[in-house]
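Next, two complexes with chain A in common: one pairs it with chain B, the other with chain C.
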Partner chain A sequence: MIWQLDLIILLIVIICGIAAISIRDLLGAAIMFGAYSFMMCLLWSIMGAVDVSFTEASVGAGVSTVFFVAAVFRTTRRTRD
Partner chain B sequence: MESLATFILTKYNYWAVIILLVIGLYAMIAKKNLVKKIIGMNIFQTAIILFYVSIGTKRGATLPIIEHAYGDSAHAVHAADYINPLPHVLMLTAIVVSVATLGVALALAMKIHAQYGTLEEDEIQEKIMESEPGSTSTSG
Partner chain C sequence: MRLLGFITVVLLGGLLFHLSLDFPDLGDASSPAATHVSPYYIEHTMEDTSVPNIVTAVLADYRGYDTLFETAVIFSAGLACFFLMRISERTAPKARFYRHLPTGLTLRIEKGGKIPEDTREFERIDSVWVPYDVIITMTCRLVVPFIQLFALYVIAHGHHSPGGGFQGGVIFGAAIILYAISNNLRRTLRRMSERMSALFGSVGVIIYGGTGMLCLLLGAGFLDYRGMASLLGVDPVSARSYSILIVETGVGLAVTAVMVWIYYNLSSAGKQDEGL
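This part shows the complex of A and B:
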């Protein structure tokens, strides 16, 4: 585990998480959540959990983002917080 | 004092886990929008998965794939050279469960939007109050 890379990606993960819950647009929040999941996937491949990493890349960053975008297009993009 | 500072700073993975858990819990409790609540739930789940994967790491260890496994006859496996793969396998299940709960939660949110025309929790509460004039409940 390369700790410098680990620390940088942990910071990016936290920033992406805060951005995903504070953007006032649900489509933007879905995209930020996809970025969060992809950074989490990079973090796990750094920590040596390669099986978790590619499951997260396909399921977390792929299918979850598609679900969120589909749900936002079928409902509304408007949010008040 | 020095040793306490290094003890705290070298556990930075666990500090990140705590921060992510608090972000997810805050989004689930304080945000009014249902999709924001679902995003908070997912952040909470991934924070727990990060905690378990952090438990399995070792300093100076490599990926949990045994070298010279086939063909070589009897040899001892030095367990300290490999990352502990048991938390990884457990968390593989947790990722699949999390995407299943995400699908169910988004389907429920879409049904709620079809019924009430909004995703904001307080507006849904007002519409429920309007449709039930005798009700005096103020929960939520």
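This part shows the complex of A and C:
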């Protein structure tokens, strides 16, 4: 495995994680969380855990993002804090 | 209060980082897991269960008890969403909106007005803005069967490649959710009703638990699939392989139904009348 690539993906994971909790637009936070999940999925597959990576891609990046977007659609896009 | 929270997070995070230094390195051959646990599975899985993918064998056979309750947890998540969000009272909305499909005209019909039948020409649409795009609708309609086929492949081919009941079930559920997003909720509910998804969810868990009970009745331990050999008419090793498939099918069924069920309640705020 290429350690530079590993490091870049890890950095993106951290940036996405911080952005997901600090962003004010909840729809944006949902999308950031999806990006975070996808980068985590890449990290799992770099570490050789292909089954976990598959689950992360389908559950984390796929369905849970849809659930977040559906919840935002039914409530509000703005957060107070 | 914010400062207090920040300090707590920093302290706990620092503790976590500090403790993670004690973990064995990635791929360390002398770690306890690599000396005691992993070698047994790597050496014995093929002769015990004839399943090439060790992860699937561990998930559904050696640690089948865990997976049974994971499935039960997912089912209870669906149940919790149902109990929290579902609103059963059916008060008629103030106004309903219909679209005349050939011309694209939108009709607003007040309460008590004459409601056109849901035919090929008139279709009920949501009261919030709903775009109607032939390209998106048709593309999703074409893509959905292939996604479902891939999901069935993932469930059935979990013995040989990454995948299994959880992933396949989620992909199958995502295909139905894609249909709901690209068309509308009512049309999806006509294809797969709420009652059906609740039924499938519980049937999936019952398949899993029932397989375990069947093993118990046939003289082996709970979820010890060797007991299924006489019922399936094969040797005990193949019986474990086949039983893994049965169990994974149950998991896939439960996960599919629960994903769709949660989406129904979440996207329509429990009314299941108008949705995303």
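One rule holds in what follows: the second predicted complex is superposed on the first by the 80 of 81 C-alpha atoms of A that agree within 3 Å, B and C clash if a C-alpha of one lies under 4 Å from a C-alpha of the other, contacts with A are read in each partner's own complex, and residues count from 1 in each chain.
FYI, a residue touches a chain if its C-beta (ideal position, glycine included) is under 8 Å from a C-beta of that chain, and two chains touch if they have at least 3 such contacts.
Note that the structure is a prediction, hence the values are computed from the model and not measured.
Asks: If we overlay the two complexes on their shared chain A, which of chain B and chain C does A:Cys41 touch? Say first, second, both or neither.
Replies: neither
Asks: Is A:Ala71 contacted by the first partner chain B, the second partner chain C, both or neither?
Replies: Both partners.
Asks: Contacts for A:Ile14 in the overlay, against chain B (first) and chain C (second): which applies, first, second, both or neither?
Replies: In the superposed model, A:Ile14 contacts chain B only, not chain C.
Asks: Kindly classify A:Asp51 by the partners it touches after superposition: chain B alone (first), chain C alone (second), both, or neither?
Replies: both
Asks: Could you tell me if A:Val59 is touching chain B, chain C, both of them or neither one (first, second, both, neither)?
Replies: both
Asks: Of the two partners chain B and chain C, indicate the one touching more residues belonging to chain A.
Replies: Counted on chain A, the partner with more touching residues turns out to be B.
Asks: Quick check for you: in the superposed arrangement, does A:Asp6 touch first (chain B), second (chain C), both or neither?
Replies: It touches chain B, and chain C stays clear.
Asks: Take the contacts of chain A with chain B and those with chain C, and give the residues found in both.
Replies: Correct list for chain A: 47, 50-51, 55, 59, 63, 67, 70-71, 74.
Asks: Residue numbers of chain B touching chain A in their complex, please.
Replies: 12-13, 16, 19-20, 23-24, 26-27, 30-33, 35-36, 39-40, 42-43, 46, 49-50, 53-54, 56-57, 59, 61-64, 83, 87-89, 91-92, 95-96, 98-99, 102-103, 106, 109-110, 113, 118-120
Asks: Can you tell me which positions in chain A touch chain B when the two form their complex?
Replies: Of all residues in chain A, those touching chain B are 1, 6-7, 10, 13-14, 17-18, 20-21, 26, 29-30, 33, 36-37, 40, 43-44, 47-52, 55-56, 59-60, 63-64, 67-68, 70-72, 74-76, 78-81.
Asks: Show me the residue ranges of chain A that touch chain C in the complex, using the header's touch definition.
Replies: These residues of chain A touch chain C: 47, 50-51, 53-55, 58-59, 62-63, 66-67, 69-71, 73-74.
Asks: So in the complex, which bits of chain C are touching chain A?
Replies: By the definition above, chain C touches chain A via 26, 53, 55-56, 59, 162-164, 166-167, 170-171, 173-174, 177, 181, 259, 262-263, 266-269, 276.
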